[in-house]
Amino acid sequence: MPTPLSLDTLNAVDAKDFVAALGGIFEHSPWAAEAVVEARPFGSLQALLDAMVAAVRAAGPERQRALLAAHPDLAGKAARAGTLTAASTAEQASAGLDRLSEDEHAAFHRLNDAYQQKYGIPFIVCVRRHTKASILTQFERRLANDSATEHATALDEVFRIAALRLDQLVAAPDRLPLAGRLSTHVLDTHGGTPAKGIPLTLFEIGPGDARRVVVETVTNHDGRTDAPLIGGRPVPIGTYELVFAVGAYFTARGVPLADPPFLDTVPLRFSIAEAEGHYHVPLLVTPWSFSTYRGS
Amino acid sequence: MPTPLSLDTLNAVDAKDFVAALGGIFEHSPWAAEAVVEARPFGSLQALLDAMVAAVRAAGPERQRALLAAHPDLAGKAARAGTLTAASTAEQASAGLDRLSEDEHAAFHRLNDAYQQKYGIPFIVCVRRHTKASILTQFERRLANDSATEHATALDEVFRIAALRLDQLVAAPDRLPLAGRLSTHVLDTHGGTPAKGIPLTLFEIGPGDARRVVVETVTNHDGRTDAPLIGGRPVPIGTYELVFAVGAYFTARGVPLADPPFLDTVPLRFSIAEAEGHYHVPLLVTPWSFSTYRGS
Amino acid sequence: MPTPLSLDTLNAVDAKDFVAALGGIFEHSPWAAEAVVEARPFGSLQALLDAMVAAVRAAGPERQRALLAAHPDLAGKAARAGTLTAASTAEQASAGLDRLSEDEHAAFHRLNDAYQQKYGIPFIVCVRRHTKASILTQFERRLANDSATEHATALDEVFRIAALRLDQLVAAPDRLPLAGRLSTHVLDTHGGTPAKGIPLTLFEIGPGDARRVVVETVTNHDGRTDAPLIGGRPVPIGTYELVFAVGAYFTARGVPLADPPFLDTVPLRFSIAEAEGHYHVPLLVTPWSFSTYRGS
Amino acid sequence: MPTPLSLDTLNAVDAKDFVAALGGIFEHSPWAAEAVVEARPFGSLQALLDAMVAAVRAAGPERQRALLAAHPDLAGKAARAGTLTAASTAEQASAGLDRLSEDEHAAFHRLNDAYQQKYGIPFIVCVRRHTKASILTQFERRLANDSATEHATALDEVFRIAALRLDQLVAAPDRLPLAGRLSTHVLDTHGGTPAKGIPLTLFEIGPGDARRVVVETVTNHDGRTDAPLIGGRPVPIGTYELVFAVGAYFTARGVPLADPPFLDTVPLRFSIAEAEGHYHVPLLVTPWSFSTYRGS
């Protein structure tokens, strides 16, 4: 990731440098940056984003349609050919769209065609806010919309993409409210202490129950992980399994267990619906029982 | 399953018919039946079993060794060739040994060879008490035993096999204490009622996390299943996942859920250590929390 | 409790003996029994009750009003003077109305007066279905009713009283559906077993948080009590505390505890709203955690 | 509370002023302060405490015995006559020893006499670390000690008292590790959110189950209390009940409840064993279930 530009710098540079810097916030559409250059200085990142969004909203249906049309297909020909913008490449990779199986490719191909045919624009979704499975769900659902609804929906997604790009590109005193958080905490209710040293893995559950490791870590002395499982970014909407190796933990503590232990690896399966939400998913566990809940 | 013989009949028939009926209780070893024919009548199935076991124990090391040697390999050549006894065929199928992958076949082949070479007899285990994964675990562990321990262990397994065969073959007022039980119960702690109509599936977890459906059912008005998940037989030692479709249940009750719901399909993973034990694995669930424990 | 009469006997005896036997089912109102004597034989207790209730409903407002007026005050002068019917005496004692404090007497006196003055009849409630605190709550609430509503409500209570009196008096193949049940179950989720030998006490919580012991017992080998905490009768509507001595249990099992133990006596406080409902209130407990829920 | 002296000031003042300031850290025993005056400057409060404790340990049995003897009886004549030191007065009040019932007075009187007679010194305990009930328990238990053990135990309590006095009196960059913490957190697992606005009361449970309000508060938007229930001081060893008004909360949220609600006020009863420990006692609650555990 390149060093972010500072908001102060952006407020001070030549108009052309400003547009050069922010021209990619909206895909292939530097005119959105041009439209706000005279409104400088911006007091915050949020003010800058709001101005660019207002400019796009004010630009009228034709320019908006051109903006939508300038987006690449998801997992489409441009992606295969490597001709995406750098931003799009990174975004599509975040949801694993660069590592599709042949079946998944076929599904995306079919959906892209159906969508193009129905609405005349490519399907646009802010992929950093979704898992692969959730993108496919969105795709199917949105194909039921009428054209006006879908135009508005696509534009909202473009604004979400713009916000995330801006937040990554520019250093400012404020951050855009784009980050969710997923955390856990293991309490050993057999011993009455936080459970230290429990290995755990977070899996993202894909189409057909395929699973992909998001993070592997271990609980610290307070039964938590040193860093959130997901933090500082949207928590992709979708289904997850958090798997805890509790059998080894109790064995190490000298607790007598059945053979095999009643509980060895404990999976907790749950779904994220708000990418910007805070999800705390704790585990209360003994060798013979466990519970979980959405905490805070 | 053929109609069971009654104990009364067995007490009354000719010696030769008695031996013909019970000659297969011990694999290819009708002498165990012959040894007890004069001790008739037997007052209970347990008394008959005890007598046959005592006869085998009294028979001395050489005959015992011949008895052990008369057993087929697990998933071995005889099984592939279809030349097993009917009892052995059904037993091996119960643990899925008739449906092994090539990798699993190779594993069994390697272990059978190592075992034969070390102890000079085939590996014997009462497969109705184990899952495929547990059989492989037993195999590995028992290869560490010395010969005397392993001879005794194999004989104990032969007695377990005999008991299960006898219990299936003979109708008597008493049943041998061979049956475990696995049951569940779903409580909706959001609504304060038993959860009726929850579809659930019990999977057996095999080597490499492969899963096999054991039973699919649905909860009744009391949140239980009409029949135990496993009952009237040993609960095979091994690891299971019990998966409940709770999202559909709460949706049907009109409870507002996140999209996707925080909890949709809830898996509970646990292991059985005592094939004759009673395992109750309930689920207490709201749209935002769940817990389980080994109940009674 | 006198030996119940059988329904067969009641169907066969003289009309006068029938009325003598059932004349007290409705307080001081043998006419309800007289009205159904010709409808004999009754095939079930429910049919007999239904006939008597129908007779009272058909009797018209004036006779109904006389029936209501024939009831004694709750904890009133007649009770103090010992001139209640035997049935009323036992009923009022069931809710502890024979053991009121002076403050409680004053409260009942005040409410009786207010009720008499407003409706011209005594306050009638089926006391076997209520705790003392719940009776006071009913009293206060019903004073807000209009006369017609209150006449109907009082009549419904008279029918409930009649049903309970009939069910106690007459032995028949059927029982009236008047009994609720309160039960418990203690699971030791530290050891993974039912908790055997836990002393427990059920308290009824009265006005001003006064507590009265309903039952003291101990859990059996299955973690349950040999008999329901309340069974075979309505569970009086009101608030309860169920207190479990878990500290002594874990000490006896050799589990190391803090001094004093984090959990020693565990109270579960809950309320009963349906006197004929089935309430199962289990305790899942370790030395460091516990949970409860309305089970089934 | 008077403004604390700073450690810097104490390091700088005349010897006589130093002794005047710290002469009361050990009851009526300024010699402990005199003994360390030449060792100034002290780099931390802990260093100052350690020096004074070392001086007392080095002073020999006779002076130590005089120090012990200089302490007042708990709830004794001096307390009744109002002739305690200010420090002792505040300490005894902290555990409610200034508000004893006549029965409790009699109990303390009896124990004081028995203790004086057995050991020749008054019973000393750091009362800020105990509830009234726990002080009585300590009293009974320590009467079983032999003299040497009890002399050592009393001295340890004197050091605990000294540490708390010093920590209150002197401002320094470091604080002595004397503070425990008791906190709670309410999660609404019916709605999947922190439970905001739940009124709660912490009671200390005294002898004979008498209860004294420690704090009344209400949960904030995160389901926690704005301040710890007990913090910045030792958590007195003893038994507590934390009572949550959950019925009103669910009613306010529009959740349909039974009448009366199954759960209305939920008490959690637990005991504190480590006055300097961190105790987190959360409540997970629906209208039909709740659970708690020692968290972190």
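Annotations
For clarity, chains are labelled A, B, C and D in written order, and residue numbers in each chain start from 1.
We take it that a contact is a pair of C-beta atoms (placed from the backbone, for glycine too) under 8 Å apart; a residue touches a chain by one contact, two chains touch by 3 or more.
Just so it is clear, the model here is predicted, and its values are computed rather than measured.
In terms of the distance between Cα centroids, chain A is separated most widely from C. When the contact pairs of A-B are matched by residue number against B-D, C-D or B-C, more than half turn up again in C-D.
Taking each chain's centre as the mean of its C-alpha atoms, chain C lies 46 Å from chain D. Taking each chain's centre as the average of its CA atoms, chain A and chain D sit 49 Å apart.
Per-chain CA centroids place chain A at a distance of 58 Å from chain C.
Residues of chain C in contact with two or more other chains: 189, 192, 258, 262, 284, 288-289, 291, 293-294.
Interface residues of chain B facing chain C in the complex, by the touch rule stated above, are 185, 187, 189, 192-194, 222-223, 284, 291, 293-296.
Only residues 134, 137, 237-239, 241, 258-267, 269-271, 273-274, 284, 288-294 of chain B touch chain A when the two sit together in their complex.
Of all the residues in chain B, the ones that touch chain D in their complex are 189-192, 258, 262, 284, 286-289, 291.
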